[in-house]
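Below, chain A partners chain B and then partners chain C, in two separate complexes.
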Partner chain A sequence: MRRSSALKPIVKYVLYYGLALIWVVPIIWMAVTSVKPTPEVMSFTPHWIPSSLTLEHFWALLERRPFFLWLANSFQIALLATVITIVVTTFAAYSLARLKWRGRNAIFAMFLTAMFIPWEINSIPLFFIVKDMGLLNTFMSVALPLSALPVSLFLLRQFFINIPTDLEDAAKIDGCGHLRILWHIIIPVSLPAYGALAIFIFIFAWNEFFWSLVALQRSGVRTLPIGLKTLVAASDIQYDLMMAGSFMATLPALIIFLLLRRHVIAGISMAGVRR
Partner chain B sequence: MASVSIKNIRKAYGSVEMIHGINVEIVDGEFVTLVGPSGCGKSTLLRMIAGLEEITSGEIRIENRVVNDVPPKERDIAMVFQNYALYPHMTVADNMAFSLKLKRAPRAEIETMVDRAADILGLRALLDRYPRQLSGGQRQRVAMGRAIVRDPRVFLFDEPLSNLDAKLRVAMRAEIKSLHQRLKTTTIYVTHDQVEAMTMADKIVVLHGGHVEQIGAPLELYDRPANLFVAGFIGSPAMNVLTGKIEGGAKPAFKADNGVVMPLMTAPTASEGKPMAYGFRPEHLRIAQDGVPAEVVVVEPTGSETQVMLRLGSSDIVAVFRDRIAVRPGEIIKIQPDLEAVHLFDGESGQRLAA
Partner chain C sequence: MTRIKKAGGGDALVGILFLLPYLVLWLLFVVIPVGYGFYISLHKWNPMGASPFVGFDNYIQLFSNSRFLNALENTFIYAVWAIPLVLVLGLAFALLLKRAKVRGVGFIEGALFFPYLLNVSVVGILWNFLLDPNVGIIPYYIRAAGFPAPDFLNNPALVLPTIAFVSAWWLCGYRMVVFRAGLNAIPEELYESSSLDGAGPVRQFFSITLPLMKPSILFAAILTIVAGLCMLGQVLIMTNGGPGTSSEVLALFMYRTAFESFNFGQAAAVGFVLFAIVFLISMALVRVFGLKSELG
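Here is the complex of A and B:
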């Protein structure tokens, strides 16, 4: 009896750490590779523990490629997408959650359906739209489509729907119209949902690759993921530089997540729950 | 302060009518309760007065101004909700000040009004707290504070006490009543609890299935219920009702369907042979030698009174005695209602018959 109850937590933790390892191993591999000497990077037998540590790949990357330009581009696009998403989705979600108009449910069903279409599939029609708008090779060409992800609308609408309507009725009596209700009641009450949404969109935009590759073709507007792709030439792949670059590219997203993770988790778990 | 006039108000959701033409006149400073079973349309009516629900037809006036198309904020009303509806992200002080801030009232005035409301309700020490840090009773007070601060012409309450425990409910009941006596603001108070309605109101409106059953002062409704519904709804324990027919003759009597013959003072004209309902309240039963025999089923002494469930013919009735009577289950006692306190109702329409 006693032995088995002492063993149970051990089994549990072995399982937890085992699962966590599956996600962590590639990241560790990336981190380790970015600081080990080039021969070990290229060797066939994996070197988990480097024989010596070096930062030469980082310096080489910064020297040979406009890493900071990519970083700045990525950051601007992610920030733009996040801000536009928040503004646009707020109005759309409130309208779908609270205002009564003909066709509301049909429109929402359309968005719901669109949620199941992988985002990359839109690339071809999107290309023509963006081209006609004259936005190719601008930050907006990536930020705008990312600001209209159905999942953002869904997340915020579900959150709004669960806000008690009495709160809005009280605000109406206190003197609010719809805009003031949004500003004074709905938005402040929904901050956890906004936190989750912001992180989700920022990281999604930060990692976005396929569409950016299509829309951003001039070198000056390249984002980090596309920039790093230039390290892959037809004949030769510079794994050492790539790992160093990837490692640095991962950091901002990781930091943002660590700073705000409590909001993310709260926001996601609150989205469907009545309070 | 203001009078409120409700004229032939109807409300339909889609093609289904829920409120079927309601008329109520409320005079300035009156405390009116809307009472009725759950789902009878009390909240809907109150929300139409508040402007939160569209009026399908009819007219609502507040102090002679038709408000049908006036938005809530311009009706000069304040409402207290069942679940309080406090703004969770604002402190108690900010909750109370919100409406004044929206009106861009001067800061000094806002402070004065909030302080005044806080003093009236004993909220001084809680002004910096958030709603989640308050007990149910305290939240209730803040919700009232938010209403008071606006100094409205009409207070609207929608079952404000139903989320509180029994003891607090009785205390808050008295507090709301004394608040009304102090502020003298016209008040419309919705409740499904007839005791709350009886104890608080100047005037009660009994609603049932979207109709008004009766309007009147609490004791008027108790003593002269207009129909069987009001007779059964107002009063606890409820009025005993037997169905049957009147037997004419030298001494009129009521022959109940359960086989018992009950005494009558006089019979309404031309009532013989028609189906009738015979009602008497539990406290209007006496033990009498020439009474009707009934079997004691359960005895419930509360100290101040004794409630006795009786089997009368094939019906169950309740009697309440102020004296501590010594009866046991199984015993047969002879009972008689006070003849002046007997109510007769038409068996078909349920309407009260002049007796």
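Here is the complex of A and C:
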């Protein structure tokens, strides 16, 4: 009895931390590989501890590929998508949640149904639409469709609809217009929802692949995921370069996650749960 | 009083005005493409010149095209592996963390969630390296344990399940976070009172957790099904559809038909078939399980 109660917590710790370790081992392996001499990268036996540390793969990658351009492009697109989403869905959510007009519920039901349309599989018609708008190979070609994701609208509408009307009624009696109500009452109390929305959309845009591949074909506008793909297309497999590129692409997310883990997870869980 | 009434009466104009920017984006990038895609699929589409109307020829050709049927089959094989894996692992992790009486649950959750933050190219490149038959560590440790290591990505029978496992590693942390929020919303008293009645953890799972989680599980299921049926990135990076066409899924077939063969009419037809499949499945699930309450 005494033995099992003493042993149990240890077993638990081993199991839980073991699981966590197994899950991140691939990422640790990527990091280790990126600073290893090439012969150890291409070795038949794993070298967990490199015999010497080298940054040559990073320099080689930066020499051959415009990595920082990809990074900047990804960042700009994700930022654009986040800002446009927030502006556009704020007004739409306010309209659907706080204003009374005929047909708003019918329109919302339409948005709901459309949520099950995965917009990427429309990439062929979308390609021609975006091309006719002259937006092909621009950041807007990715940021604008992302801003139309119904998920964002749900998140904000759901938050807005649960804000008590007392303050708003008082403001209306004082003669406040909708813009001032929105700015002074609704937005300040909805900051957690905005945080969640921003995190959700930024990550979504940062990692977007399918549509970017179609819309961003000129090399100067490539994003990180699309740029990294060019490493795969190379005729010979250079895992050292690939791991260096992958690790560099992962670094921003890793740093932000280590700093803001709680906020990122809270944001994701808020955006993911719709009740 | 009259002022309030007036504001209420004037809401229609403001309401539509406020909705307009989103509505325009939504129509332009979500709704119109569906109709336009169908329109393109009825033509022998030529972006440069005349595009003759061909009726349903593109569809008829598709269903007699063995490569399309192969892609359709592959899509379902992948989905059948990936969807349960992602959902079951996500739910299992969420339950594990809820019961965890260890320090640093946040750290463990972070480790399980982090892969979701990688982009698909990193995921694909990394796992190609891990699974490489010569220098990959996974085949190495399988051999070290005394088993023959299969060539996961070059074996037609293994390639899609392997990619499904990789997808599960990548994505289940996201589901875990969402499920955790759902689990935390279940009142603790329910578990306490059923414990007093002598219910064990297994019975509690089936009589409390599962019924109360049903809406969020089904919601997650729909989103996972949609994503699974439209999977492109993983195969494009990891196998490019190979070996042969063993991992060529519908989205990849569509992409190649459009941007490698430039047969846009045919590709649009593939897109519309995929759209129809996804839409019918998700609508059926919504109807059957009555998810309306969850969505509204």
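The rule is simple: the second predicted complex is superposed on the first by the 217 of 275 C-alpha atoms of A that agree within 3 Å, B and C clash if a C-alpha of one lies under 4 Å from a C-alpha of the other, contacts with A are read in each partner's own complex, and residues count from 1 in each chain.
We take it that a contact is a pair of C-beta atoms (placed from the backbone, for glycine too) under 8 Å apart; a residue touches a chain by one contact, two chains touch by 3 or more.
Keep in mind the model is a prediction, meaning the values are calculated, not measured.
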Tell me the contact category for A:I185 with respect to chain B and chain C: first, second, both or neither. first
Touching A:L136, do we find chain B (first), chain C (second), both, or neither? neither
Superposition-derived comparison: chain B or chain C, residues of chain A touched: C
Mind working out whether A:L153 is in touch with chain B, chain C, both or neither, as first, second, both or neither? second
Chain B versus chain C as contact partner of A:L228, first or second or both or neither: second
Quick one: classify A:T89 as touching chain B (first), chain C (second), both or neither. second
Of the partners chain B and chain C, which touch A:K172 in the superposed model: first, second, both, neither? both
Under the stated touch criterion, which partner chain does A:P164 make contact with: chain B (first), chain C (second), both, or neither? first
Using the superposition on A, tell me which residues of chain A are in contact with chain B and, in the other complex, with chain C. 169, 172-173, 175
Chain B contact footprint on chain A (complex, rising order): 164, 166-167, 169-176, 180, 184-185, 188-189, 191
Which residues of chain A touch chain C once you look at their complex with the stated criterion? 9, 12-13, 16-17, 19-21, 23-24, 26-27, 29-30, 33, 41-46, 87-89, 91-92, 94-96, 99-102, 104, 107, 111-114, 116-129, 131, 144-145, 147-148, 150, 153, 169, 172-173, 175, 178, 203, 206-207, 209-210, 213-214, 224-226, 228-229, 231-232, 237, 239, 242-243, 245-246, 249-250, 253-254, 257, 261-262, 264-265, 268-270, 272-275
Residues of chain C touching chain A in the complex: 3-4, 7-8, 11-12, 14-16, 18-19, 21-23, 25-26, 28-34, 36-37, 39-40, 47, 96, 100-102, 104, 106-115, 117-122, 124-130, 132, 134-135, 137, 140, 169, 173-174, 177-178, 180-182, 216, 219-220, 222, 226-227, 229-230, 232-233, 236-237, 251, 254-255, 258-259, 264, 267-268, 271, 274-275, 278-279, 282-283, 286, 294-296
In the complex, the residues of chain B that touch chain A are 47, 50-52, 71-73, 77-79, 81-83, 85-89, 98-99, 102-103, 146, 150
